[in-house]
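One structure is given here, and the rest of the page talks about it.
Read from first to last, the chains carry the letters A, B and C; within each, the first residue is number 1.
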């Protein structure tokens, strides 16, 4: 009897679909509380990626990796964001340069572009790559879009994390057994980076009474 | 034999463990002593790598080549000097809340233990970046330098430094993220032709000659250039650099300019190394030249009439990073000039930033117009500052002159006459733009609300004096061992 | 046998539809740390309301009385058009998806007229809001159905059923997007939380509840039942989009037209529909109600996902 997710391919497709859905929800969502949850969801899906792409050959090694990734991406990172979020004042409405609908539309344009690009690329070596590429591209782009289009510093951290998630997704088809340590150290780097960003943000909030990057205007030439 | 085995691990672990220890040392003076001691040990170890070939670990994961040794030694030397300065600097910092002389707002410092351990972590990550030939690990090292140096920038937690630190963190993290994409694309460009996994170490990538997908490789190189270029302060991604360098404590600015930028340059250097090996040097050199000249141009436009001496130094860093790019783009025609320029710039710029801290402490302003009569108020600093500015603008007999001259020679030898002319004109404008405010600062009368002569603490001036003297000495006489080291490092990535 | 399978699906739907709001309420209560009202509360309510005699406002006309009947009959008709899990719908013809969308429009139209018929300011306000948001939601709904139905040549909703070879292998991306878009529409069309709060009794913020404020007795029972059926239909639709991947499951039970296969289909579909209820309750307890001016953006998201689904399908082709 075959299971609902009988083969790795459809499970991977479903996971990628969830990632794209969380990307666009992040672009469309205004409330930061929900954004943190969405980042957690995205991290959860991404954490299981190594298992999904391995195509059934799931050994203990891969499971441990997946558990560690999920623990960091869906556990520690959202927790860090949550702690920072708790310390910040409520977000004033309209704290963006480009509204939610506008950024969603731009995201769709980017997704069309990535699909087009994917159809143009010839990737002989790695069929997995062409399956993952559009999603990875859309994720990286929506991360950058979040950084550029939002005025609150916390949302920019969200954007940074989403971008890193996209890069991680891009690296999944190329992941070699031996490169797990590298993925892990990159992940630790990102963890520390968001930790430092969170700390800097609390200091910024104390000094400026706001985390609106619009206030960062004293250093000009 | 055993020395060579422990050399690299020791270089990495020493600052790491010292950083960990810092959190447990409560008193200030032993912590400062630990900082200096670690810096001294690292300097000795870095010196030892010149005599004993350190053993590699994990293929090229931990591996010191000629270029790595150069950057490593430079970093350790600068860090040692900066740590000496740090002792005097930290002693002068009053604890508790005080008023910011610029915006008159209250602020407090980051705890000294955190500051010291971040400095040591910075050293560790810089060492990691220098002592690897694995592109992935190099990325990790460079990204870590960003993360641990951000708390250094907002040592004084006031609005401007926090703003600068935020810009620094965000721009550099995103830029470095782009470099990571570049790394992945590089891997793809190799994998798609080779049909199998390729190790990310420079030699493995370079050995893969012919089997490279051209489109992917070019895209990868652009990403790497933009990513590490953002970290280096290459225009148009340079916007964080003047802010971070002007708002950080002076000794941090010195480290950022002298050590951090070199580490980021190492990223571009490795990318060019691969490009050279797989035969895309023509493409990459053109890109390097374009970005280099653009940076010089931007720096020139901003540096004239800037009115803020720390920002002036920061824009001068943008200019010199541009020159480094140009020398890398010109290739071996510029001889060892490019790497000599890296050394010269690090020495002089670090010295200047340290001196700017003295000026700032005395005058409580960063404006060139409000500082005058330094020759009377701070005689030693004034003399050093003057010679430092003269050195950094490429005036003989300092080393920067020699290196800039060889870059110019390289441009001419390549037949790039118009760029060579532009190069000279931009250097000339920058010379005038930097010398004019310097003359105003050093000469003239002391502002009436300032007490005349004060004694200058030796630890506050001696480090810069050493650095400027080294720059002068290198300009007059280049020892043979350094010549050999520069040549072998240049041979790695400079196209013939 | 096939007709029997379809009929049994409709009867099951009619019987179990009022359970769905109960499930959502229990999940919300559980998430909020409360006990919540009984699972069968809507059944009790319906029985109580049926037993009462209706009261009609003196100013109303037959529009007011027509609304409950048309709403309930439309929902019944929708069940006839929609396949239940893997069994075909009772009525399937090319273009039936347009009829489905049109039927919901008809129900809404009659409800709006009834609300306006009372002449009450509040009900008029509710009707205006409903008209505004549905004007945005309906095209997206039709678009979603179109994407779904153009998958096969028949242009019929019954392509969702098992015997139609609908999706290619690894088509999860567009399916998830489509399902998500339909889910957002489910939330908005059935006045669930980010758009409207079914539990609120503050007239200023209500949409659906305020329109049926003057209905009473069996009329209200019909409206409540029709609302539950509509929720059921939407859930069934989403389940239909997501389920076809598990075709292999029931082959060994001798296809769908044996008794065992039919039974299997019931269990699977019902479990999935109730799962949708749990998911809805989950989302409702995690989200807060949106400001009125944000609702068009919410619907724009639904449109965005529908177009993403179309794009990924196009990108595959």
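The rule is short, and it goes like this: a residue touches a chain if its C-beta (ideal position, glycine included) is under 8 Å from a C-beta of that chain, and two chains touch if they have at least 3 such contacts.
Computed from a prediction, not measured in an experiment: that's the story for all the values here.
**Q** Which chain's C-alpha centroid is most distant from that of chain B?
**A** C
**Q** I need the chain pair with the most C-beta contacts, please.
**A** A-B
**Q** Where the centre of all protein Cα atoms falls, which chain's Cα centre is nearest to that point?
**A** Smallest offset from the overall C-alpha mean is found for A.
**Q** Just the number, please: Cα centre separation of chain A and chain B in whole Å.
**A** Computed value for the inter-centroid distance: 31 Å.
**Q** For chain B and chain C, what's the span in angstrom between their mean Cα positions?
**A** So the centroids are 63 Å from each other.
**Q** Can you name the residues of chain B that touch chain A in the complex?
**A** Touching chain A: residues 103, 105, 107, 136-137, 139-140, 143-144, 146-148, 150-151, 154, 157-160, 162-167, 169-170, 173-174, 177, 180-181, 184, 187-188, 191-197, 200, 242-243, 246-247, 302, 306, 311 of chain B.
**Q** Which positions of chain A touch chain C when the two form their complex?
**A** By the definition above, chain A touches chain C via 1-2, 4-7, 9-14, 16-18, 20-21, 24-25, 28, 30-31, 34, 37, 99-101, 104-105, 107-108, 111-112, 115, 118-119, 131, 134-135.
**Q** Which residues of chain A touch chain B in their complex?
**A** Listed in rising order, the residues of chain A that touch chain B are 123-126, 129, 140, 144, 147, 153, 156, 160, 163-164, 167, 170-171, 174, 176, 179, 182, 185-186, 189, 192-193, 196-197, 199-201, 203-204, 206-208, 213, 216, 218-219, 221.
**Q** Per the contact definition, I'd like the list of chain C residues that touch chain A in the complex.
**A** Touch list, chain C to chain A: 169-177, 180, 245-246, 248-249, 252, 286-288, 294, 297-298, 300-301, 304-305, 307-308, 311-312, 314-315.
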